[in-house]
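Chain naming follows the written order as A, B and C, and within any one chain the residues start at number 1.
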Amino acid sequence: MFSNHQWPTRRRLFTVFIMLMLCLLNTRDSEGKVARDQLGRTVSVPDHPVRIVSLAPSITEIVFALGEGNRLKGVTQHCDFPAEARALPQVGSYVHLDLERIVALKPDLCIAVRDGNPRHVVDKLEELGIPVYAVDPRNLDTAVNTVLELGQLLGATPRAEALADSMRSRIERVKMSAARADQRPRVFFQIGIAPIVSAGDNTVIHELITMAGGNNLAAGSLPYPRFSREQVVALRPEVLIITSMTKEQDLDQVRNAWQQYDSLPAVRNGRIFVVDANLFDRPTPRLIDGLETLAAIIHPELF
Amino acid sequence: MKTALAIKDLTHGYGRQPVVNGVTFSISEGEFFIIIGPNGSGKTTLVRAISGAIKPQTGQVQILGRPLQTFSRKGLARNIALVPQAAPADVPFTVADVVLMGRSPHLNLLAIEKQEDLELAERAMAFTHVRHLAQRRLDQLSAGERQRVLIARAICQQPRIMVLDEPTAPLDLAHQVHIMDLLERLRTEENITIVMVSHDLNLAAMYADRLLLLKDGILISLGQPSEVLTFETLERAYGCVLLVDENPVKKVPRVTLVPNSILSARFREAEAGCSEK
Amino acid sequence: MPATTSLAQPVLRRILTVSLLMGSLLILSAFLGVSIGSTDHSLSRVLALLFSLTDADPTLSSIVWRIRLPRVLLAALVGSTLSLGGLVFQALLRNPLAEPYILGVSGGSAVGAIAGILLGLSPFPGVAFLAFAGSMATLFLVLVIASARAAMKKDTLILAGVMVNAFCSSVIMFLISLTQDSRLHNILFWLMGDLSMSDTNRTLFLLIALLPCFASLFLLARPMNVLLMGEEMAANMGVNVRVMSVALLLVTSFMVSAVVCQAGLLGFVGLVVPHLLRLLLGPDHRVLIPACILGGASYLVLCDLLARSLPAQGEMPVGVITAMLGAPLFIILLQRSRR
């Protein structure tokens, strides 16, 4: 009896207690397997989960990339890639999940991310007998591992390994080309419009810039430092990259605003670029697209 | 006759200067006692000390033979009721509600009125002729009606002593007489001791058994109206000349204001008369 | 008016009638609250589940008993407390704009909660505890400021509360400006008031803390009435005004803090519900207190129901709904009471 989310009427409280105890005892040796997720939690997951709810856009992308999108029964509001994901039922935004919608989808597995998904929702889901597997990809390496782990979790190991291999080889190719560069251009990566925020050490963006042969001007102990316009001008970036989380029109304005500072090498040489934010803030196979985009921007002569 | 209130050497002040300074007197049960005096003479402070609203700096207040501080708040409220000078006008309650509030010191923890409480309130309202206003809100009444409601509330408290701070001040003559007659009836029918502050010397003379005249916190005179309301005492207290003669209705003093213009004209005539001689 | 009806209906009967009516409203709201949610289930199935007529679908049973019910209970408790808090402060401070947060409770608890979120503490007990500690600290500060002058004047209290709250807002803004990652969302949801973190244990915990507060406030209902007659008259009717005021302040702030640390800052509940009920039922606190407890509970349960079920893609913080409904409702009430 693996009836984890059974909850009989209040009148049978005692029975409930007994059943809960049985459930607790049973989960260990019943069907399914015990997995250790990236937070070190032990999660009992079914052997072949078929009703998966993804709690973050990156998870949705990976599951689709593994060719298992048909097993996704629910996604979050911002899960917009691939296009098929938009047709799936939504369970709120990844920072403010709607517990009831998740439970109503009767998932046999939820996949969460550590950074963003509220811990109390995860706890509550587990309390309701829904296993939650949490991932915590923080850089390229763990992103590749996440693909492999989810592959294993979904029983799609061959596909995952192929995907991971291709990611690794594309990374290697960028690394090798970047090694041939004779200098590292000064790169300023602007996330958002106001305030000016960039990415420092211990961020994927920093890792990608460095790997693509650039010198990240925002490097420093703060993960997401804030800059004034003046500071950016003083840093004299040779390449200015702006992510597009906002509308086209706003981006044009930002680009034009920078154009007036012609002391900036990036302005003089026309090296202001707008890139798709989703290629940089989601630890998925598309990160490699982001890496290649950056490499082409920073070292156009090599790529 | 038993003593209702005994005040001994009472001194109280808000700054360095005492507002009431070493006042000693006592009031008998069933007495109609009126405190008079010019503005700022400490009348209100005195009645607030008597009713327990403030704790005097020095001196003692005894109520029915017991020191005031030995009473519990509710116990005190069952013996002495206060009708303050400035009753709030924006009270959202109905007349019946307000009058019933007088039962507060008699109620237990749950504070639900019993039938007898309702009857007492009815009687109090009938006594002050506000029964027909029972369901009106206090802030919809005229000043005279409101004062009668507040007295009904005080009656409902079933006190032995009722302290009133200028209850007639905002009222026209008819209402003044009405209120004063009401208090007189309370005194004679219910044997409630009445202590009140008044600015109106003639009204005080008409109703009071005894008067107390205060100036700058000091007791200037205490006694029957005829003893207190004399030309010399009044001039000393108020610092102006007042004509005192006998009231044609009742054998009590009558005080008349003398405008300065008449006073100086008379003074000149007198001077002229003198020089002619 | 005939002489026999010159006195109002006996108060006990009024209390019982009003409690019965408001209680039925609460039961109805709670029933709607567990029956409707962000996912569609037919009413007949929910009914069958509620009265355990059939063996229930485990998913529906989970949703109704373990997601919706704790949330309805939490909403009810929070709504009661905030309405009652508003009622008490409006009477005590004799200010129609007084709301439960007026004495610095909101600012203090927000600073505490945000500090907790930034330190990465769990919502319960970590963040909740810091929020509670923060509100108690500001309350203490306000009382110290206000009693620095010999007599504790209500205007001084209000001013001290407003100033401490303003200072806390600046600290909040400062903390928010330092925050960039996803914790910002947690902070914002907390500031908007959010019931999604409901949990049976925490709700029971809250209930145990609140019931004595409700009971003691009900016992103080008559002195509160008397207090409306002015402090001097209240004192003459046997009420220890100073002790009463401090007791009311402490009990109310305690219960509001207990609620705020669980649900964040929910605006307007404490303003709209007491005013509405006062308009309907008159000024007697012996009637208003039970009415506010039950009516405030219903109001927030219904608001939360809207917050959960209106948006197509996922719920919104209930604070958005209470403010959106509350502000226009308050204006209408103001117009009505002017007339």
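Simple rule for what comes next: a contact is a pair of C-beta atoms (placed from the backbone, for glycine too) under 8 Å apart; a residue touches a chain by one contact, two chains touch by 3 or more.
The model shown is predicted, which means the values in this text are computed figures rather than measured ones.
Colleague: Between chain A and chain B, how many steps is the shortest route if every step has to go to a touching chain?
Modeller: 2
Colleague: In terms of CA centres, which chain lies closest to the overall middle?
Modeller: C
Colleague: Determine, using the mean of C-alpha atoms as each chain's centre, which chain is farthest from chain A.
Modeller: B
Colleague: Between chain A and chain B, what is the gap in Å from one C-alpha centre to the other?
Modeller: That pair's centroid distance is 82 Å.
Colleague: Where the centres are mean C-alpha positions, what is the separation of chain B from chain C, in Å?
Modeller: The answer is 45 Å.
Colleague: Report, in whole Å, the distance between the mean C-alpha point of chain A and the mean C-alpha point of chain C.
Modeller: Comparing mean C-alpha positions, chain C is 39 Å from chain A.
Colleague: Taking the complex as given, what residues does chain A use to touch chain C?
Modeller: Within the complex, chain A touches chain C at residues 3, 5-11, 77, 90-93, 95-101, 103-104, 106, 115-116, 118-121, 124, 127-129, 197, 223-224, 226.
Colleague: If you look only at chain C, which of its residues touch chain B in the complex?
Modeller: Interface residues on the chain C side: 1, 3, 6-8, 10-12, 219, 221-223, 225-226, 228-230, 232-233, 235-240, 278, 282-284, 286.
Colleague: Could you list, by residue number, the parts of chain B that touch chain C in their complex?
Modeller: These residues of chain B touch chain C: 48, 51-53, 72-74, 76-78, 80-82, 84, 86-88, 91-94, 96-98, 100-102, 104-105, 107, 109-113, 118, 121-122, 125, 131-132, 134-135, 157.
Colleague: Taking the touch rule as given, give the residues of chain C at its contact with chain A in the complex, in rising order.
Modeller: Contacts found on chain C: 37-39, 41, 52, 56, 58-59, 61-63, 65-68, 122-124, 180-182, 185-186, 189, 196-197, 199, 308, 313-315, 317.
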